[in-house]
Structure formats: structure tokens, C-alpha cells
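Chain naming follows the written order as A, B, C, D, E, F, G and H, and within any one chain the residues start at number 1.
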Amino acid sequence: MSPATEASATRVDDAPLVIGGRRFTSRLLVGTGKYADNEIMLEAIRASGSGCVTVAVRRVDLDRSHTESILHHLDPEEFFLLPNTAGCYTVEDAIRYARLGRASGFTDFVKLEVIGDQETLLPDPEGTLEAARVLVAEGFKVMAYTNDDLITALRLEDAGCAAVMPLASPIGSGLGVVNRWAIRQIKRRLEVPVIVDAGLGTASDVCVAMEEGVDGVLLNTAIAHADDPVRMARAMRCAVEAGRDAFLAGRMPARGGAAPSSPTHGMLD
Amino acid sequence: MSDAIQIHLNGRDREVATDLSVRDLILSLDLHPDLIVVERNRGILRREMYDDVPVEPGDVIELVHFVGGG
Amino acid sequence: MSPATEASATRVDDAPLVIGGRRFTSRLLVGTGKYADNEIMLEAIRASGSGCVTVAVRRVDLDRSHTESILHHLDPEEFFLLPNTAGCYTVEDAIRYARLGRASGFTDFVKLEVIGDQETLLPDPEGTLEAARVLVAEGFKVMAYTNDDLITALRLEDAGCAAVMPLASPIGSGLGVVNRWAIRQIKRRLEVPVIVDAGLGTASDVCVAMEEGVDGVLLNTAIAHADDPVRMARAMRCAVEAGRDAFLAGRMPARGGAAPSSPTHGMLD
Amino acid sequence: MSDAIQIHLNGRDREVATDLSVRDLILSLDLHPDLIVVERNRGILRREMYDDVPVEPGDVIELVHFVGGG
Amino acid sequence: MSPATEASATRVDDAPLVIGGRRFTSRLLVGTGKYADNEIMLEAIRASGSGCVTVAVRRVDLDRSHTESILHHLDPEEFFLLPNTAGCYTVEDAIRYARLGRASGFTDFVKLEVIGDQETLLPDPEGTLEAARVLVAEGFKVMAYTNDDLITALRLEDAGCAAVMPLASPIGSGLGVVNRWAIRQIKRRLEVPVIVDAGLGTASDVCVAMEEGVDGVLLNTAIAHADDPVRMARAMRCAVEAGRDAFLAGRMPARGGAAPSSPTHGMLD
Amino acid sequence: MSPATEASATRVDDAPLVIGGRRFTSRLLVGTGKYADNEIMLEAIRASGSGCVTVAVRRVDLDRSHTESILHHLDPEEFFLLPNTAGCYTVEDAIRYARLGRASGFTDFVKLEVIGDQETLLPDPEGTLEAARVLVAEGFKVMAYTNDDLITALRLEDAGCAAVMPLASPIGSGLGVVNRWAIRQIKRRLEVPVIVDAGLGTASDVCVAMEEGVDGVLLNTAIAHADDPVRMARAMRCAVEAGRDAFLAGRMPARGGAAPSSPTHGMLD
Amino acid sequence: MSDAIQIHLNGRDREVATDLSVRDLILSLDLHPDLIVVERNRGILRREMYDDVPVEPGDVIELVHFVGGG
Amino acid sequence: MSDAIQIHLNGRDREVATDLSVRDLILSLDLHPDLIVVERNRGILRREMYDDVPVEPGDVIELVHFVGGG
């Protein structure tokens, strides 16, 4: 069975990942930003085995001879397009961008981001909650980007979000899971799917997140800014599998002391 | 009599011909109607309206689409 | 391409793992101890994709009606058998067990262990060096289990060891890589293959070790004592792939600050 | 005249018949010669010697094999 | 100069700690809960060198023959009493308890806590912000207990809080500073004093927090539940000094490589 | 009671530090290298409260108009001078320098260093053991610098060393205690005093080491290369006290969950 | 005619004498007026009012104070 | 006849006067005998010998002392 298939949530021995009634073919979601060129992007996304890619909503650049729509490079039949509200610093902007994304006619899912600070790009908990409540009422399936605070995550679930997406560390930082305890609590307490989003920098970071039992991860910079994005995408696909299987397999207990792997009996005189 | 009107398009003042529908405008810009979303005077315009809705003087129009993002 | 194949050192885009002139089909080596039963052991080892398994040398138990030789369960045609000197606390014993292992007629490789302390099972640096020098002189291909001290690792290389196998943490502890800096230095300074042995507890531990660029890892308890050894074996196979690919792909730099994944231009008024 | 001798086998004193070759001993224990290694009086005995080498009184013999280990 | 004096914010070579116009004599604030008895509490608090202690507002137990008021054990002339709103899960309750605390006539300071979850005792960011805005409007000097989210901390400063008190880890957990990066950002970005509150378990935890440059720390369980509370209190006093001085002194850079402490010249032939 | 006194091993409530029959007045030992000038060195050493300083043995520079002996700046009546064998890469050199140090007539103590690698300055376990055995036989009181390997530490104790000095991390790196587990095992298993030497970068590093129960620490670069060496020296004095007291006081247990510091009863209706 | 009234004090129904001021109530409970705070029918009662304010039937009164807390 | 001899001092060839004791040599270098240690031809020279031991042609002498170190 190929990794792509194994990674899929449809493998016989793992429940599928379902968000807002939609079945995802992989526990790995990937962004489409920051790639050197569209060919590498497409090759990397395919190597990642992901079936869901995030896209941003932006004004058409009328000075360009031809449009830059990513739809020229990504086939909506091949990938589920998840519009985000990246770049929005107010509740109003986030709602406006979410509506524009839905008007594209592809989906009523939105990756909600209400950024609270330009330097750290950390999410604004109050604003995210307010926007989530409005969008849920408008029938959106909201996947909410949030910090690693359990209380905010619980409130987002109460607000009707389809998934809660706590950060591992700041967007684009590559610092990995800075607070494992927080991610563990969020997964333990929420019923909706938990997707770790932002800050994962390499394969072991992804593995660590998945070993906490979260339902999936979303990556962008870690793949796009690797020296070899296609190979890193493949690494991430395997890391998601490895972390998921390790979680489901139930790891050995870590102990302070040692224990021999070979028999202590049967030694010679 | 003038055969041009002023609109505010994607953040810039722009002079366009009179009697244009939104679809005419889109096509005149060499854009594919199915790949973009139109916001007109802060309201989203459904695609099936592109033919019927005229571009009027002073319209504030945003033509948006999907780009790479995380 | 199946993970087993991908994991193999023979994949077109990675150099094969070669130790003492022998080409290994996987960067994952596994032990054969501590399994609930031999069926699970065999299934787990196959799921791990490993082509090399360690075995211990012990006295035949004459009270048993039939012999307990592991060769009844593992086909030497399918797996490369690597005898160890586990349980030896003196140079003399280690040499004696190494010779007995070679006399089995399967190989002149030996995983050398000279244990220095019964409680922690930590290796004895002086004893390991002395035994390695003797065994190398006798024509053994010595894969030396050692602690994570760079100097001892360099001396073992000088002694002619075919591979140096620093621990991640004590045998059977599952504490993972306690000193990443040490493993990095050892890999950076040695020319012979470096295999991280002992202490790895779950998939992310394996990923972390491989991301330091080491040539492989050896696992036993992490698989044998998982709740589901077969699934954990599969996780470990993927973790080795993930960590290796991430190392070869060249990870993004980790930075204190954040960087947006979506364009900052093209925002609406 | 006695038809048995004393040897020390795998850590225990044991009485075995006289005139046994090492191979005879191995087979008498229901062991497969190719799956074990013989250490006799602290020296390793090559397999091709099993037939020729007699088990003698006072021999210290260790029969070892591979078991599961890490 | 005695540690008590050195620890004081009035030492000639360090700016005093001033919160809401009030000058604090130490950067260490301590709680008064969970002590075996009041004698040990008093001895420990004195050993800590702290001049400010938190107290809770509770209903008088009329079944007891005599009142349990902590004022029978702590002299308001010797210690600044800081009432908290511990145990409050709603904005309304927190405001009610804050008003009762102020009505005691000792102070218009309040340590604001709006708890969001009974299991983790993590603060509710939305509720804390709402209560802070009300209490600031009523003239309270609000010292707000919050999580380690920078955005919430910035909003609390905007709301007019006199100090912001991010947690190191959950109340009473003793896990230490789980997210150093977050504490660093909060201190770097806020202008009002930052006091690390909750989760510090031993002296090195306090040292780590102070080395991030925060203005002080608040402890309770770490002292009250040590085997020897009085000695631990003394340890904490020194840890605050040590961490503060290390921060002000400017630590050496950490480097991957080594550098000799003794001269490399002048060696003999 | 002043910190200096508190730090001293003679405080009534802590056993004194005694190495090789010599009573040390502080658990903090400091080096004398790498200071900007001798005045700052002397002021910093006095601020550290240390009574023992290490010195290197070097050839007199005959080109200088006057001798550079550190004895012009440090009064042997005020400080116990501990000669080291820094810069020695062979057993022979280490023995030669140790003898020269003793011939100075001040002491038969020596801080033994046999370096194994010029880049990392890590100690050579085999060489250190061999030199230690020779010097102990010659009547030296050997304080042996070693790595953090328990087995080597046990062998050095067996060799008759008066103290064993495991590194926290490489000399001059400031990486702090990279392997807490190793330091804990060494302290737990040895009977002779354990002094953590090398790699400590700031106050919290010292605190962490002392909390593992070690008998003392030796610092040089962390003080000499701080922006303000005198203040950092004071920080280190307090950090030693803090860590020692925290160890002796017995810290609260760290727990995954939270526990309130204020009473849960007596809440209002 | 009755000489007692019912109030709700610190969470319990309680019968107290008529014509008590809040200060009388506090002292009758062996409490020190300066060490407690009185909340009466959800409003905080300032200390200088204790003499003047009578305890009336149905009053909901909370007597609170400071206890050890973190 | 020459009144100077060659020695190897602290790594350099050096010409010194004849008939010098080690103490003479030390003082001639403006060094304090109590602050240094003398190694002569790979052997350590005790201070009480400085007067009696002559500096001889070809002597390899190291004068060492304590410097700052960690």
C-alpha cells in the first residue's frame, strides 16, 4: 500500500478524517504560498499526498498582462480548495474575505484568521470568536486558526466551528510545537477535529504533533522554504503517517531507568 | 456628449466606456468570469447577474480571485 | 513506490547504507527481544521494513523439550542476523560471546556491547575500546554500542570499528534523544556510519535522530513494548523515511519571529 | 569397567555414555548441529570437528545458540 | 547587604518595581493559601522577603467558634494585602468579589482572575478582558491574571490594567515556564509591569522567568507545598535576585562550539 | 545573614562542602581566565563569594618587562588556588603540569583536565582515568574534569579522585545542563563530591545543576564574559544558594493538572 | 406578637431578634466589624452604616472576610 | 676564553653568563623566585636548590608560573 493511500484517512485501520461532514483524503493539509514557482508547488503538493490546499483571496492585479489566479495551476477536481482570511486584522475584514471566498462557488468552508498583531501574526482571540459566531450563523463551515489556549479553543467549539486549528508556534517561524501540554489539553477536551496549524518546521515537529492525537496538521513554509520542497513534502507525508500510527499504536512508557533488550538468563559460566 | 464614465476599480480611478455590463468589463480586462469574484459597492455580485448589472459612474468595484496562500 | 522500498537505502535519490562493505536494505535495524510471542515479532519486523535484526548468544536450555533457537522463527535468507554481546560486563566476556556468535557461521559482524553498570546498562568506554581493538584485529566487523561522548566515538573509529552506535538514552528507557548536540557532533566528526542505538521510544524520537543526519537507528523495546507492535513497527519505518528525507531536503531555518504564508499585497481597500 | 563418564555441560554436571563424539552428544540431546555452537574447554569447536572429537571425562562443554535480543 | 535588601526593588543599582503608582519592596509576590498552618505561613512569607501577599475573599464560616480571618495572622502594616478574585468563573462574580475586596478598606488593587475551566483553572481571555474594563472604569488598579498569549496581554494593557500577569503553566502544576518564547514576547511588547504568575515549581523556574526580564513573579504552591516551606521561601528570594541580576548583567552568548577558559599560549615544549 | 555567609557550606543548616579533607567556604568555584582586566576579575570573584579559584600553569613570558603571575593580583591568603592542567592533550602533559602546579608550594590539589579534541575541548575519558591513577598514586588530591558519562565518573571515583567534575556542556559554550538525567545519575551513584564544571551560561543553569543535588559548580566564562561580570558574579552566588536551598527544601511535585491556591469553599451564592 | 425575624445569612435561613442593627448582628456573632465586609441584598454596606441600618425580615446578608489564597 | 654559555630557556636559545646559579638566573630576569617554578632538563627543581644548582651549558630550563585560567 502506497504512503499516499496509507496516509489517507480511509485506511481500513484508522477512522477517516471528517470535518463539517466532509471526508478528507489525508490528515495533511498544505498551503500554496511562498513557492519559488508553480511547477515546484504542484509537484510538492502531489508529493505530500494532501488532498486539501489553502488559498488566499486577493485583488486581481490589473497591471499584469494575464491573471495570476492559482486556478490556472491547481485543478479543483484534484484538490479541495480551502479559502483563508489571511491578512485580516479586523472582524469586518475577515467576514468580508470569507464571503468573497465562498462566492467563488467552490466551497462554504473557510479557514478563519483574525490576526491580532503584525509582528507576531498571532491570532486575536476575541476577534476570532466574534467572527466565527457571525460566519457560523451565515452557514459557513469555519475552521478557526487560534493560539494554543484551551479556553479559546473550547469557546470556538461552542461557537459552532467545524474544526479548531491551534498553532504550534507563530506562522512561518518553524519553531515547532512550543507547548506540547497545551496541544494535548486541547485535543483531549474538544470533540470537533483539531488541526495543528502554523509553526511546524520539519518532519519531527509534525510527528510530535500527531503523537498528541490531533486529527491533522496544516503546513506551508516548512515545505515551500525547504531547500528541496518536493522531498520535504514527501518527508511530511511520512511524518504524518508515522506520528498517527505511533499515536494509535500506543507508545512504550518512558522510564527513568534502563531495561535490557536481551535475556539476562542463559549466560555462560 | 461623453462616451466614457469614471469608476473606482481595484483601488484605482479608471475611465471605462458607457453602457458596459459587469461581464463586458470583465471580458474587456481579459479576465475569465468563472475565475474571479466581483464585489460592487461593497456587495458581492453573483455571477448570474454579470450580464444584467451595468457598470455605472462612481461604482466601486473589486475584482478578486484566489492566489497562493497558507 | 511502497514505504518499504522508499525506506530502503537503495532508493535512487539516496546513497545506500553500507557498513563494513555490506549494503543494508534499510536504515532501520531492529532487535528481536521482548516480544509477547514469535508470531508478533515476525509480523512486526516485516512491517518495519528492516532487513537486519540483532540476536543474542545464549546457552541452550537443556531442560526444554525442544530448542529455543530464534532460527526456528527467523529465516537467515530473509534477514541479516547481527549477533550482539549483550549482557557482557567484561572485555573477556564480550570477546568470548563475539567469537561464539561468529562461529555460528552466519557473519563476521558483531554488535559489541561492554556494559559498565547493571542499573543503567550504560556502556563501559574503556572496556568497549579495549574489546573493539581485539576484535578488529581478529577480523571482526565491529559495530560498537557506545555512549554519546564524541571522544569515545572518535577513538572507536580510530580502533577500526565498522560503525559507531551512540545511545539516544539508556537501553529500554524510551527517553528519546536526550542530548541532540552530542549526536550532531558525533555524526559531524566521524567518517564511519553512525547508528543511533537504544533509548528511542516513539516515532518522533526516531525522526529527531535521523534529522541529525545519522545513517540509521536501531530499535527494540519501542516496537516490542508498544501496545500494538506491528503498527508501531510501521510507524517507525515511516519515521525513518520522514527523518531521512527531512535531513536530505534541508529544513527551513527556525526564526524567532513570524512570516506570513499569504501575500501581504493585493488586500482590498 | 564403567560405560559412563562425567562432564560439565551447560553449567551442570552430567553423566554421559563413553565413546561419544561431540556430534553424538548433540544428537542425543535432540539438538540440530547447524543451529548451535559448541565451546569445549573454553575453545570453540568447528562444526567439521564434531565427528572426530570425542567427549572425554571432565570436559566442560557449552552448547549455545541465538535467541531474541536487542 | 542582606538578600532581603538586595531582593528589594529599592537597591541602588536597579529601578524599583512600581505598579499603579505603588512602590513594591520586592519583586517576589506570594500567596497565602495551602499552608499546613499559619505559623509556617508567616515564617515562610518573612523568609521570602516579599512585602506583598495575595488573599482570597470568602464567606465567614459561622459554624466556627471564632473567625478565620487571615488578618489575625498577617499584619497589614507589615504586608501589602492584595485581594484576588480566585474561584470566579463569570465576569459578574469577579466584579462582585473585587468590590468586596476593596470594601475591606485596605486597597483598591485587585488581582483579577476570571477562570475559564474548572479542570485546568486556565483564565478566560474574553471574560478577563470584559471584567478588567469594568473594574478599571470603577477606579480599581487591576493586576490581571492571564494566559501566555501576547495578544490578550496587549488588550489587557489597552484596557488600562496596572499590571499583566501571564501564567508560566497552570495554577498549582509546578510545570515551570512551558513557553519561554511567549513570556519573552509579552515582556518585550508591554509597557506596564509583567508579573509571571502560576505554575512555577522550584527556584530554577523562577530564575528562568526573571531572566526573561519580567518585573516580578507570584508564587504560592511552590513554597507552601515544599517539604520545607521556609527554606524554599528563602530559595525563592535568592532565585528572584539571581534571575534579576543575571538579566541585568547581560549573559554570555550561548554558542554551539567550545572556547577555552585558560590561555592557549605559553604551553611548554 | 549575608549571601556570602549563606552561600558558605558552613551555614548551620547545611553540611559543609569538604573535598579531600579540605573544607570549602562556598559551593561556588570560579575560574580566573578571560577577564577584561585584573581589577574586574578581583571585584567579580569577591562578589561571587567564592573562596576557591582555578589557575593555569604557563611558561613565564620573558619578553614582558614584568612577570604576569596572577599572584600579583590574587592573595593566596584570601583565595584557595586550584591549579588546573588546562591545555593538556596527553596523559604525560597533564601529569607534568600537575607536578609543576604542586611545586608552586600552595597545594597538592589539582583540577585534572586531559582534553581529547581541540574543537570541542571535550575530555578524553581513557586519558583522564590513566592520569588520575598516576596522580592519585603520587599523593595528589585530584578533582577530575570529565564528561557526563556515569561509568567514567564511577571509574574516576574508583581511581581515588577527591571529586568528580562532570561538564554541563562544552567549556565556554554556555549551553547549560544539556543532560540533566546524566548529572542526576552521577550525583546519585557517587560518594565523592560532584562539582558541575563547564558550560553553565547563566544563573538558571547554575540553579538547575544545584537542584540536582550536586555539591557545587565551577564557573568561568559565564561570569568573565557577561556584559557586567561583577553583577553576574553576584547573580551566580545567589543562584547557588537558591538551587541548593531548593534541593534541600524538597520541591513540590510537578503535576499535569492544576490545583487551586485559594479555597474552593466559602463562595457566595 | 413575635420578637424574632427570618433572614438569609451566609447561605442559610436564620432567625434573629427584631430591632437589630447590622452592627448588633455582627457583634452577636462574635465577629469584629473591622475584619469583615457586609453585603446586604447584593449591595455592599459601608462600615459607617452598620449602626443605622436595621436587619429586616427577608434580608439576604453575606458576611465575608479575607482568607489565605494565591 | 668565553665567559658565556648557551642554554635553552622557555623555548628559546639564550646566552647567559657562566658561573650562574639558578637563583642568579631568576634574579637576572627580574623574576621573584617564590612566584615561579623551575623545570630543569625535564625535572622540577625545588626552591631550596636554587642557590646550589649551577646553570650549565645546554640546560633546558622552563620557568613557569600561575596565570588566569578556568
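Throughout what follows, a contact is a pair of C-beta atoms (placed from the backbone, for glycine too) under 8 Å apart; a residue touches a chain by one contact, two chains touch by 3 or more.
Being a predicted model, the structure only gives us computed values, none of them experimental.
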| item | value |
| --- | --- |
| Other chains in touch with both chain G and chain H | E, F |
| Chain labels contacting chain B and also chain E | A |
| Chain pair showing more contacts of the two, F-H and F-G | F-H |
| For chain E paired with chain G, centre-to-centre distance based on mean C-alpha positions, whole Å | 34 |
| Rounded Å distance, chain E centre to chain H centre (Cα mean) | 64 |
| Distance from chain G to chain A - Cα centre to Cα centre, in angstrom | 58 |
| Junction residues of chain F - those touching two or more other chains | 31, 33-34, 56, 58-59, 84, 86, 119-120, 122, 171, 175, 181, 220-221, 256, 260-263, 266, 268 |
| Touching two or more other chains - residues of chain B | 11, 39, 62, 64, 67-70 |
| Chains that touch, pairwise | A-B, A-C, A-D, A-E, B-C, C-D, C-F, E-F, E-G, E-H, F-G, F-H |
| Of all residues in chain A, those that touch chain C in their complex | 1-3, 6, 13, 31, 33-34, 56, 58-59, 61, 84, 86-87, 96-97, 119-122, 170-176, 201-204, 206-208, 211, 220-222, 224-229, 231-232, 234-236, 238-239, 241-246, 248-268 |
| Interfacial residue positions of chain A with respect to chain E in the complex | 116-117, 119-120, 122-126, 129, 147, 149-152, 154-155, 169, 175, 178-179, 181-182, 185, 189 |
| Interfacial residue positions of chain B with respect to chain A in the complex | 9-12, 29-32, 35-37, 39, 44, 46-47, 62-70 |
| Footprint of chain G on chain F - complex, ascending | 260-263, 266, 268-269 |
| Residue numbers on chain C that touch chain D, as the complex places them | 31-35, 41, 54-60, 62, 65-72, 81, 83-84, 86, 99-101, 103-105, 171-172, 218, 220-221 |
